[in-house]
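Encoded as C-alpha cells, the structure appears first; notes follow it.
As written, the chains take the letters A, B, C and D, and residue 1 is the first residue of each chain.
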Amino acid sequence: MTATTYSDSSGSTESIESTAPKTAFSFPRPDLSDEGLAKVTAELAETAAEYDRTGEIPWKGIEAIHRAGLTTASVPPEYGGPGINAYDAARMVAAVGEGDPSVAIILANTLLTHGTLSAVPITWYQPHYLDFLERSTRGVALANGLGAEPDLGASARGGVPATNLKRSGDGWVLNGRKGWGTGGTALTYHVAHVVAIEDGDTENSEPRVGFVTVPTDLPGVSVLETWDHIGLRASNTHDVVYDNVELPLGAFTELPKQADGKSLDFASRPLSPGTFAHTALYLGVARAARASFREFTRNRVPTSLGKPISETERIQTVAGEIDLQIATAETLLFGTQLRFENGDTSVVDQIPLIKSAIARAVISATQTAVAALGNPGLTRHNSLERHLRDALCVRVHPPQEDAALLAAGRRVLGG
Amino acid sequence: MTTTEQTATEQTATEQAAGENTTETTAETKPAYTFPVPDLSDEGLAKVTAEIAQYAAEYDRSGEIPWKGLEVIHRAGLTTARIPAERGGPDVSDLDAARIVVAVGEGDPSVAIILVNTLLSGQPFGGIGRWYEPFYADFLAKSAERLTLANFAGAEPDLGASARGGLPATNVTRSGDGWVLNGLKGWVTGGKALDYIIVHAVALEDGQEPQVGFVTLPTDRPGITWLDTWDHIGLRASNTNDVAFDNVELPFGAFTPTDRPTALTSRPLPAAILAHTGLYVGVARAARSAFREFTRGRVPSALGKPIAETDRIQTVAGEIELQIATAETLLYGTLLRAASGDETVGPQIIVIKSAINRAVIAATQAAVAALGNPGLTRHHSLERHLRNALCVRVHPPQEDAALLGAGKRVLGDTP
Amino acid sequence: MTATTYSDSSGSTESIESTAPKTAFSFPRPDLSDEGLAKVTAELAETAAEYDRTGEIPWKGIEAIHRAGLTTASVPPEYGGPGINAYDAARMVAAVGEGDPSVAIILANTLLTHGTLSAVPITWYQPHYLDFLERSTRGVALANGLGAEPDLGASARGGVPATNLKRSGDGWVLNGRKGWGTGGTALTYHVAHVVAIEDGDTENSEPRVGFVTVPTDLPGVSVLETWDHIGLRASNTHDVVYDNVELPLGAFTELPKQADGKSLDFASRPLSPGTFAHTALYLGVARAARASFREFTRNRVPTSLGKPISETERIQTVAGEIDLQIATAETLLFGTQLRFENGDTSVVDQIPLIKSAIARAVISATQTAVAALGNPGLTRHNSLERHLRDALCVRVHPPQEDAALLAAGRRVLGG
Amino acid sequence: MTTTEQTATEQTATEQAAGENTTETTAETKPAYTFPVPDLSDEGLAKVTAEIAQYAAEYDRSGEIPWKGLEVIHRAGLTTARIPAERGGPDVSDLDAARIVVAVGEGDPSVAIILVNTLLSGQPFGGIGRWYEPFYADFLAKSAERLTLANFAGAEPDLGASARGGLPATNVTRSGDGWVLNGLKGWVTGGKALDYIIVHAVALEDGQEPQVGFVTLPTDRPGITWLDTWDHIGLRASNTNDVAFDNVELPFGAFTPTDRPTALTSRPLPAAILAHTGLYVGVARAARSAFREFTRGRVPSALGKPIAETDRIQTVAGEIELQIATAETLLYGTLLRAASGDETVGPQIIVIKSAINRAVIAATQAAVAALGNPGLTRHHSLERHLRNALCVRVHPPQEDAALLGAGKRVLGDTP
C-alpha cells in the first residue's frame, strides 16, 4: 500500500446525497472516435511488453488512459461525468486491451465500480464516493470490486463471503482476505463483498451480505503479492488482507433481499450487457494478435520463397481464419448490446453463453496465429507470444464455461 | 396459371413499359396492389413454424414440392413480405426478413429456401437480379392472386457456382426483335414450383464482345425442361434441380446487361445475404427442440428419470444453446450493426457467414453425438435436422474462398 | 424370419464336447493379403449403393464374403477353422467395411460369436454350435450376439435384461424383446443375453444372467422391422421378439459369478482388442470416403480452373487432413493390438478411450471430405454422401464416449 | 573439458584414422569402451522422471542450462543409450528410445530435447548427420568419462528450417589441408552445453558447383560464438540459441558431402523421427499429473469435497487421458507397426507426427481450460506444462507442409 495518509473525513452514517452539489465535479467526455481510441492503443502498446516483463504496476499506461479521460468515463451525469453506455465502454476497453490488457482490466474494474454499468447494484458510501471523485480530479484514482475469496472461489459461483464486518462502537471493523484484487497497490478504493455480523446474530440468522467501500490507505489494509500468472502479468491481481480495518457504519450497504428473503445470489443473477467490459479487453488482445500476425508475415521474407509469406495462400487463409474469429467476437459483443437495445429480451438469458462463445473466439484467433507460425509465434522477440498468454486468461472470468453451459442446459430442458 | 394468361399479361406489360428496363421508373405511380403486412410477432412466427413443421418429414421422404408448407407461408403473407412499398408491399426490414426465414427454416428448410429465393429475387435484394418491368408487373399481379415464386439461376454444372467468378455458358442470341435463350443451369431451387427465373447469361451478338447480364424468364415458355437431378442428403424437398433452355424466345427487354461478375469474396457483401444463412439457424433451433423433446421423454429403466435431468445432457443442451445464441447473435447482430451505421461490419460479412455455418453444424452435431442411435434413426426428427444442417456449407461463398478473401484484406496494404 | 424349417435335433442338456470329432469340419483360411482383401472390397462396393437405397439384406455382399471364407475365419482350430487373431480380424472387417459396412457389421458379429475374439466368454450349446458349423459348410450361416433391449438401453451400460428363460419341463421357454438385432432375418443363430428364472426364485434372488443360443427358425422367433437409420441402412438392425420359444436346458450358460457373487457386469469389464472388430468397419468407411474424395477431385475440372481440382494446394491440404485422420485411426487400431501383443498392459485400460479416439478420427476424416466439396459431397450422385451417413454410426457402439471419458477420468483421478 | 585435452585427443584420433571418414570401417575391432545398459523398466524410468522433475521449475525460471537434470540422465546411462553395439553401446531399440524420451520429457522437456538431439546425432539415427571418425572416437572417449552432448544444426535464421528445402548459407571453403567454416546457425538446442555440432553446410571450392554436406565440429574450436537468442514461451532451459562461425578451422575429413536436401515432406521418414515428438508426450503426462494433484487437493468450501470427485472434473480427466492414450498409441504403435514390417506406415509418419502434436496440445489445453486461474498461475506447474506443450508444433515438418505432402501423395497417380 502507498504510504499516503488519508483520514476518513466523516464519522457520519447518514447519506449525504442530498447535500452534495451535483455539479461539484466535471469530467470530460473522452474522444471515442475510432481515431481517438487508436491513439490510446498505440500509446499503451509502447510500454506493454516492458510491464509484462517486470510485472510492475503499468503506471505509464494508466496515466495515458487517465489523460484521455477514460478512467472517469462512466461517472454518472448527476456527478458531472459523461456516463457512457455499455456499448462505448466495451469499445473503449477493447481499444485499451489491444494496447495493454493489464491496463484495460484495471480500467474495466474502475468503470464498473461507478455503478452505471454494473449488473449488481453497487452502492457507495457517499463521503467515500465524493472523496473518490475529488481525487479523480486531482490525478489517477482507481477502484475495484472485490468478490472472490481464496477458499470460496469466485463469488459468481455463489456462497456467503468469509470477509466480514463486525460492529464496533459507531462503526464496523473489517476482517478477511480477498483474492484477485486486480490493480494491487494502485487502487484508491475497494468495493468489497462482505457479510455484516451484528451483535446478537446466531448461526441461524440469515446472513446480511452486501458491499463495503474501503479507502485503501486505512490502517490494516494490505496487499499480498500473490499474482504470478501466465498472462496479464502487470495487472497486479494480488490478494488483499483486511486486518481490523475501522470503517463508518454507512460504508456498508446490504444487497436487496429477494422474494425468498435471501440476499441476491451472484450465481443466479441475470447478467447485463455491462458485464461485457471484461470480455471486451480480450477482443482487444485478439486484435493485437492479428496486428502482430500481419506485421510479422508481411516482413518475413524467407530466402527460399523470395517474397513475404503474407503473399502465400496458406498464410492468407490463416489470416482469414483469424479475422473470422475476430468478426465473430466483435459481432457477438456489439451485436448482443444492439439486440438488447433493440428490445430483444431473449438475448438476456444467453449472455453467459455468448461470453463463453467470445472467449472461444478470442482464444481460437490467437492460437490460430501462433500455430501457423512455429517458433516466431512462441519467442518473446515477437509480441504474439505475449498476446497468446494474455488471451488464455479470458476463460477465468466468471461465469466460467462449464457453469454457463449447465445453467443454460437446465433452462433449455426445463419444464 | 395458363399459357394464354401469361402471354396476354406479358404483351400488355410490354406495351406499357416500352423502352423501360428497370423497376425504378414506375415508382411514382400509385401501386396497383396492396400486399398484406405479415404478423411478425414472435407468437405469429411460432405459429407458422408449427404449422409447416407438421408436413416437413413427409416431404423429406417424398422429395415432392412442399406445397402444403408453401401454402402456409403464402397465407401468412411471407412470400410477398419484401415487395417494395411503392409497389404496394410491406417491404419488411432486413432484420425482420431474417426473422421470417429463421422461423420458416425451423419448420421446414425446404420451404424456407424456396421462400428466401423469392424474397431475394422479388426485389434487388442481395445485389442479384434485375427484372424486366413488364414481367415484374406480371409477377406482382400473380402474387396478389396466389402463391407466386421466383428464383435466381447462377450456377452451371461445368462452371461451378457463379460466386467464384467466370463467364456463364448459358447465352442469349438475337432473333428478330428479341432473343433466344440456350443453356443449362444447375441447382435452381424450387424447380417446377417457380413462376419466374432470373437467369445469369451472356449475350452473344455478331461482332461484339460477349456481354454478361440477367434474363427475366417466365417459366411457362416453350423450350424449358426441368431435369430431376436433386437427390441430396438434406433439403430433399427443395427441388433444387437443373433446368435446360432450348431456344426459349424472349422479348428484347428481358435481358439486362450488368458488369462482369467478380468473385463474391472480393467485394463487400450486403448484410442481407445472411438471410440465406438464417434458414439454417432455424434448422439448429429445430434440432434443439428435438433434443429437448427426446431427452425429456427418454426414461431408461436403469436411471428411473428422464435423461434431461442429468448434468451430462444438460451440459450438452447448454452447448447447443451456446451455438444457437452465437448463430442468432451473429445473424441479428450483424444486421443491427449494419443498420446502426457500423461500417467495419461490411467486409466481415463473408466470414461471419462462415462462422454462422459452423455454429449451425456444431449445434446439430452436438445433439446427435450425445444421443447415439436415437439421434440417427428416422424414428426421430433429429436425423433429418442433421441432414438439413449439413447443407449450410454449400451456399457461396464457401468457407475456403471466404477465408482466403478475408485474409488478403487483412494482410493487404490497407487492412 | 425365413420359412425354412429347422428342428432342434437334440433335447439333451449334456455338453457333447467330448464326443464331437474335432476334425469333422474344415474351414479354409481366407486370403488375407492386401491384394486378396482389396478384391473383396471391390466386389462389395459394386452393390453397396443399391442396398443402401433398398435397405434389403445385402445377400450379394454376404455371399461374396462367404465365398472368400471370411464368415468362418474365426472358427477355432479345434473345430477345423483358421481361428484368425484379432489383428487379422480387424484388417478383414476394415476391408469389408470399405466395400459395404452393412455387410461388415454382419460379418463382425458372426466372427465374434465364435468366441475366440470376444471380450465376454461366449459359450454355445454344443449341439447348436455343431449345427451352426455344419450349416456353414453348406452355405451362408450367420450369428449375432443380442445384448441390448429397447427399455434397458445398451447392455454395456449395465443392468439385468428383461428377456428371460423360465423352466418348462426338461427345458426352457424364452420370452422377451431384443433391440438392434443386426442381420435381421438373415441370421441363423442368436446368442441372446437373458436372465434365467428357476422355480422358487424370489425378488431377492441374485439374478442368473447369461447367454442362450437360439436357432432362429424355431417357432416364436420373429423380427420386427424397426431399423430406419441414417447409415448402415442395409444392416437390418431390427428388433427381435421371442414369444414362448422352447429351448433345451443346455442352451443357457450362466455368466461366471464374480468375487462379489454377482454376474459379470458388461459395463465394468475390461475390453479386449477383439472388440475393435466393430471399430474396424468404420476405418473401412473412412478409407472409402478418402477414395471417393480422390476420385471426385481428380475428375472434377471446372472450366474456370482448367485442370483437376486435385491439383490445387487447397484440395491437397484437405486430402492430407483426411489422410492424417485415417493414419491416426489405423495406428490407434493396429498399434493398440501390437502394444497388447508386445506385453504393454497399460493399454488395456485405455481401450475404451482409444475406440472413442478412432471414432472421432473416422468422423473427422469423412466430414473433412464432405465439408471441402460443397454440393458434390452431399448429393447421392456421389458415394461420399453415403460414406458420411455410414461414418456417423460409429458413435453408437458401446461404450459410448461420455461413459468412456467418465470411467477413465475416475481411474486417472482415483486414489 | 579443457582445450588442451581436446586438441590432444583430436590429434591422436586424426592420426589413427588417417583417410577414414565413416564409422563403419572400424566396426570389426573390439570396442574401446563399454557403455552401461540403462534400466528401461517402467519403474526405472519413473525414477528418472521424478528426479529430473524436482529441478524443472527452477530452470524454467532461470533459463540456465539444466545441468542437474542432465547429470541425472547421464548417471542413468541415457545419453549413451543409442551408441551402436560395435562401439560398445547398448543400442536400444527405437521403441525403447521413445520410452526414454517420454520419461525424461515428463520430468523436464528442456533436458529431454537436449537428450533426444544427442541420441539423434550420436548415431546416424533419423537420417541426419555423418561423423568424421576421429571426432566420433573422441566423442565416445568423452562420453565414457562424463556427460557429453551433441546436436545437429540445420536451420538458419534467414532460410527457415532446412526441412523445407533450400541451400544453407553456412559454408566451408578450402584453407591449406583443411577447411574454414563460416556462417550462422539458428535454433541449436543445447547451446554452450554441447560438445559437438553436426553442421549442415555447403562446401564452396573454386570452379566447382557448391556441394551440400555435413561438418562435424568440436565446440571448443576458436571462432565459435554463441548468441543468446532463445527467449521462448516454453522449453526455456533448452538453450536453443544461435551460433556463429567465424573462420573456424577444420581438418579435411570433417566435411562429408551428401545429396542435396529435399523437403522432409517429399520422402518417407524413418519412424525414429518420432522420438522428438515423444518428449511432448511426456509433457502431456506431466500435465495429467498436475491436473490430478490439483483437483484432488482442491476442496472449495461450497463443495465440501475435492473437485476430483465431481463428474465434470472426471470427464475432463477422461478427455486428457483419451488424448494421452491417443498420443502414446500413435507413438509406440507406429514404431511397432514399422518394426512388424507394415510398409504402409512409412508414408504416414509425417501426418502421424502432426496427429500426436494435436493430441499433446489438446490434452494440456483441456486441463488448463477446465481449471481457470489455477491452470494459469505459476504457483502450479500446469502453466509451465502448457507453455512447454505449445512448442510441439515448431519441429519440422510443420503441419501445413505435412498435410500438403500427404495430400499430394493421396491424390497422386499412385496413392
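What we mean here is this: a residue touches a chain if its C-beta (ideal position, glycine included) is under 8 Å from a C-beta of that chain, and two chains touch if they have at least 3 such contacts.
Model, not experiment: these values are computed from the prediction.
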Pair sharing more residue contacts (C-beta pairs) when B-D is set against A-D: A-D
Relative to subunit D, largest Cα-centroid distance belongs to chain B
State, to the nearest whole Å, the distance from the C-alpha centre of subunit B to the C-alpha centre of subunit D. 55
Chain centre separation (subunit B, subunit C; CA means) in Å: 43
Of all the residues in subunit B, which ones touch at least 2 other chains? 311-312, 315, 400
Hunt down the residues of subunit A that sit against at least two other chains at once, touch-wise. 313-314, 402
Residues of subunit D defined as touching subunit C within the complex: 95, 288, 292, 295-296, 308-309, 311, 313-323, 325-326, 328-330, 332-334, 336-337, 340, 342, 344-345, 348, 351-352, 354-355, 400, 402-411, 415
Enumerate the contact residues on subunit C facing subunit D in the complex. 290, 294, 297-298, 310-311, 313, 315-325, 327-328, 330-332, 334-336, 338-339, 342, 344, 347, 350, 353-354, 356-357, 402, 404-413
Within their complex, state which residues of subunit D touch subunit A. 158-161, 164-166, 169, 187, 229-234, 300-302, 312, 368-370, 372-373, 376-379, 383, 386-387, 390-391, 393-394, 398-400
Touching residues of subunit D toward subunit B in the complex: what are they? 311-312, 315
Using the touch rule from the top, collect the residues of subunit C that touch subunit B in their complex. 151-154, 157-159, 180, 226-231, 302-304, 314, 370-372, 374-375, 378-381, 385, 388-389, 392-393, 395-396, 400-402
